[in-house]
Amino acid sequence: MTPRPAKRTELKTLRRRLIQRPESPPWRQTMYDIIFEADTPAGRWFDIGLLIAILASVLFVALETVPDFRQPGYEQLLNTFTAAEWFLTFLFTIEYIMRLLCSRHPLRYAFSFWGIIDLLSVVPSYLTFVIGSSSRSLLTLRSIRLLRVFRVLKLWRMMNEADELSYAIWSARNKIVVFLAVVLVAVTISGALMYHVETLLFNVDEVTHVNPDSHFTSIPQSMYWAIVTMTTVGYGDVVPKTSIGKIISAVLILLGYSLIIVPSGFVSAELVGLRSEENQNREQHPCSVCEVTSHLKDAKYCYRCGNLLQ
Amino acid sequence: MTPRPAKRTELKTLRRRLIQRPESPPWRQTMYDIIFEADTPAGRWFDIGLLIAILASVLFVALETVPDFRQPGYEQLLNTFTAAEWFLTFLFTIEYIMRLLCSRHPLRYAFSFWGIIDLLSVVPSYLTFVIGSSSRSLLTLRSIRLLRVFRVLKLWRMMNEADELSYAIWSARNKIVVFLAVVLVAVTISGALMYHVETLLFNVDEVTHVNPDSHFTSIPQSMYWAIVTMTTVGYGDVVPKTSIGKIISAVLILLGYSLIIVPSGFVSAELVGLRSEENQNREQHPCSVCEVTSHLKDAKYCYRCGNLLQ
Amino acid sequence: MTPRPAKRTELKTLRRRLIQRPESPPWRQTMYDIIFEADTPAGRWFDIGLLIAILASVLFVALETVPDFRQPGYEQLLNTFTAAEWFLTFLFTIEYIMRLLCSRHPLRYAFSFWGIIDLLSVVPSYLTFVIGSSSRSLLTLRSIRLLRVFRVLKLWRMMNEADELSYAIWSARNKIVVFLAVVLVAVTISGALMYHVETLLFNVDEVTHVNPDSHFTSIPQSMYWAIVTMTTVGYGDVVPKTSIGKIISAVLILLGYSLIIVPSGFVSAELVGLRSEENQNREQHPCSVCEVTSHLKDAKYCYRCGNLLQ
Amino acid sequence: MTPRPAKRTELKTLRRRLIQRPESPPWRQTMYDIIFEADTPAGRWFDIGLLIAILASVLFVALETVPDFRQPGYEQLLNTFTAAEWFLTFLFTIEYIMRLLCSRHPLRYAFSFWGIIDLLSVVPSYLTFVIGSSSRSLLTLRSIRLLRVFRVLKLWRMMNEADELSYAIWSARNKIVVFLAVVLVAVTISGALMYHVETLLFNVDEVTHVNPDSHFTSIPQSMYWAIVTMTTVGYGDVVPKTSIGKIISAVLILLGYSLIIVPSGFVSAELVGLRSEENQNREQHPCSVCEVTSHLKDAKYCYRCGNLLQ
């Protein structure tokens, strides 16, 4: 369905493989194929196992933080979580060492994006020995393991779709920059305006010169309100209290809503354009003379060199 | 307008009828036509009656749970609800038995999707005799009856439209899987981050090592917050309290919002593509003289050379 | 830009005028042109004045309800509002009588949609004399006057755009019916599910057999929650309290969000389709033989009768 | 990608330059090129510096309002903010004077949009000397400086994208007016309805004739609720309390949601139309041999007959 991104991905995979696959000995090559690739049955099973292990370990990390399990009577369950977590951390450590061993350039792998993520997945657990037991703060870092899910899924072709998506985002990057600038300015100006109206104008305290009932306690707080409102999240923890504030915020809501629906239109238009380009082109049959592709569907002659197309 | 899905549905209906309609005697065939089909006036009236009965019974189930009607003075009204509900349950039981009777293969119907739904619509009411009167929990299961509305509506052609919709969803299934993976990872990582910042970093209690004012009491709770926020629902029962938490959540809101508008763009693009395919669907029959394609749907003559189209 | 809807509107206006414009005497015709039409300068000024009067009167109705103006010290302002409101009601009464006078068939006007709206705009004010002063409830009915803004704007051509919009909605009516059925079923089932989980399963009171902390006090209340959540409004007045309830509601939020973005895609697709049809058709040059319009942009021959197009 | 808007912008820039660039002496011309244009390296560096200065000064203005920095112990930090802010204000004052000096018509610049914004960026700070120290209200006006970010970014071509956006908005202006009228009427009618149901009908206090528990304290407050709800922001500070109010608001939410997704569809359709127009924009040059149009943008040869295109 989306030949171009697929081809690009394949090429990237191939290039990476040529550079990184070890030349010898055979056991390192086999290990590399199992751990880094998913073309062999063994490699595929390794990926499935890794996916389950990652999801399970993140589940344990999440459940450990639930206060209910810290009540008396749950000690054993909590210990089971911790034990399972340590077992999985141990497995991930072995996996990391094996990845280092079977890479052609272990250092290059260690400092690559995925190498660092792999290291960050196991290091926090071991660091708790060094720093002490009050390091729960460090342990939440283990959630970063979940990012590795993407690498596993990538090997399964599904990412063609993500490629199309990232292509659509990439081709709209200029629009995104302009849009973010507009949002930043809109958020700051409306934040300052609401702070001014809600906090400085009405029911002002004699000593502090601010309205003590106002939720808009500062401009950054008002900017937080503006973002929460413009994206239509609307928690309700910061709301206008004065009549003027409500009128202004009603106008700002309508303006902000109009502003924020624009990118959704751009994404739609970009994706519609992408689809119709695909429908109209037949990249799979390039011109035999100038090798230009992307001819119209019913083209007989190359639009570049005028050669008859087969 | 959507010939293909319509045709598919018709074929499915035909096939199902050929297999399931009893061969004899005539009274079973007539009963089958009334209960399972909607081609005859009787079958149509049966469907309308069933639709009203289902809606009424679900309305009674819903109203029975309203606490106002449990106050003194409403006993008679509540009794009326219960009586009407029992009457309708009795009707549904007869309907279920009749469906069993007039099916060619009663067992196959009993274990089909709709057969199980039909059974689940009446069983909870009868089970209360067995378990006792405190089984209100069981009674809410009766809401499952409402699913039967779909079967009734399906017989009325309207579902062509739903077919187009489900076709659009089906052709985007790969994108949906990738998207759900991205959402899952984004929710977990931002949940862990917010739990870390809001609960473990600031104003931490000396004994429990957590911030007692934090709403982000655990990682699962933070993931609930992340989903509620990303979809822009924004209840406000879990909100950041610290300055850093507010800044991070403002950034996460903008990122999450960008993430969540993407599928709406995909659905739009898919539906636009579907429509334009329909518009272009005579292209396979080019004019025999000038070989021009892309005629209008109901064209008789070529718009280029005026030749009669076959 | 949208020739067809425009033409339709014009025809409707013309037909209405032929039927309703009085045949004589001239003063009734002039009056009719001023009050019902907007082609003459006088008629245009009448419309502008009426628009301002309607907006002002609704503003007064709204401000009268503000509790601040009921405090001591504001009596004079409130009296001014009331006086202005009575003056405008008096003007609207004269306008209504004039409309009756200059219609060819006064009774037909009186029972037409706009005739009833015009009557409802003035009657509530007079009714307060009959019923007594505690009839503030009746006075809010005056807001119905605002609907008359549409009639005034309609006369100014702007409604072509609204026609295009209503055409897009109309051509998607089947989809809307199916969609509402799906939403109704989804709301009821998830409402019953959440009521069951939040109120009947956990922390149940011994006497009442319900969880006293639950916000989901009944199935209708849960359906209200489901609608508020699915549309991403998310007030936060009804939120899940139990862990299981939060997990289920997180799943329901994601499902409901997926469900509710579908119609936005349909509206987009419908409008994109409408635009591209307009671009591809040239309705303004019908075939001189068979009078068929909507040829392709670069068509030379009529696609219906094969005649050469000029 | 979007040649037309780009060209338009270029022409505007050129015209402005021809009119405003001073004829002599050279030092004024050089200064003008640095301050007003971005074609020279010096001009580009000036813009980058200005951008950073604006962002920093707005950051200081925002941080000054944070109550935490008003606690004892933060005096020095607050003083640093104030000092930095005064330094930047001083720089902006010099910039303003320089802009006046190097304009061909200083007065025309002073009364232009950007000239007034530039003045408003520095005046509030100086005015505090005149009015006194309690003028924090005045100081928030400095946030208006942020608007100047747009001028700086405009010089960098990026605004082509914003032009496309504003073109899409401009071509939908009629739809926007009709839409705002519909929203205004919907908001007012549903606000009056909810005020009526929630405040005047049920549990009414004997003395005040209103429901004291109602959040809908007046029609303007109810209109605020209607806007917050329709845009799906849903703060939850105003929510229905009565059963009838909840049912009505559930219906209004569904209607309002349907209403508010329409403009997003219009924006999408407008942008899709814009894109496909761009794609088709060689259609006006048909092939001179076979008269086929709709060639690709960069086609040299006809895709039908292979003839060289002019």
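The chains carry the letters A, B, C and D, assigned in the order they are written, with residues numbered from 1 in each.
Quick note on the criterion: a contact is a pair of C-beta atoms (placed from the backbone, for glycine too) under 8 Å apart; a residue touches a chain by one contact, two chains touch by 3 or more.
These numbers come from a predicted model, not from an experiment.
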Considering B-D alongside C-D, which chain pair is linked by more C-beta pairs in contact? C-D
Same-site or different-site touching of subunit B by its copy subunit C, using the half cut: different
Among A-C, B-D or A-D, which chain pair copies the contacts of A-B, with over half of them the same by residue number? A-D
So, what's the distance in Å between the C-alpha centres of subunit D and subunit C? 29
If you average the Cα atoms of subunit B and of subunit D to get two centres, how far apart are those centres in Å? 39
Listing for subunit A: what residues touch at least two other chains? 66, 220-221, 223, 232-236, 243, 264, 268, 272, 276, 298
Could you pull out which subunit A residues touch subunit C in their complex? 66, 68, 232-236, 243, 268, 272
Can you list the residues on subunit C that touch subunit D in the complex? 58, 61-63, 65-67, 134, 136-137, 140-141, 143-144, 146-147, 149-150, 153, 158-162, 164-165, 168, 183, 220-221, 223-224, 227-228, 231-237, 260, 263-264, 267-268, 270-272, 274-276, 279, 297-298
Name, in rising order, each residue of subunit D that touches subunit C in their complex. 174-175, 177-178, 181-182, 184-185, 188-189, 191-193, 195-196, 200-201, 209, 217-221, 223, 229, 232-236, 239, 243, 246-247, 249-250, 253-254, 257-258, 261-262, 264-266, 268-269, 272-273, 276, 283, 286, 293-294
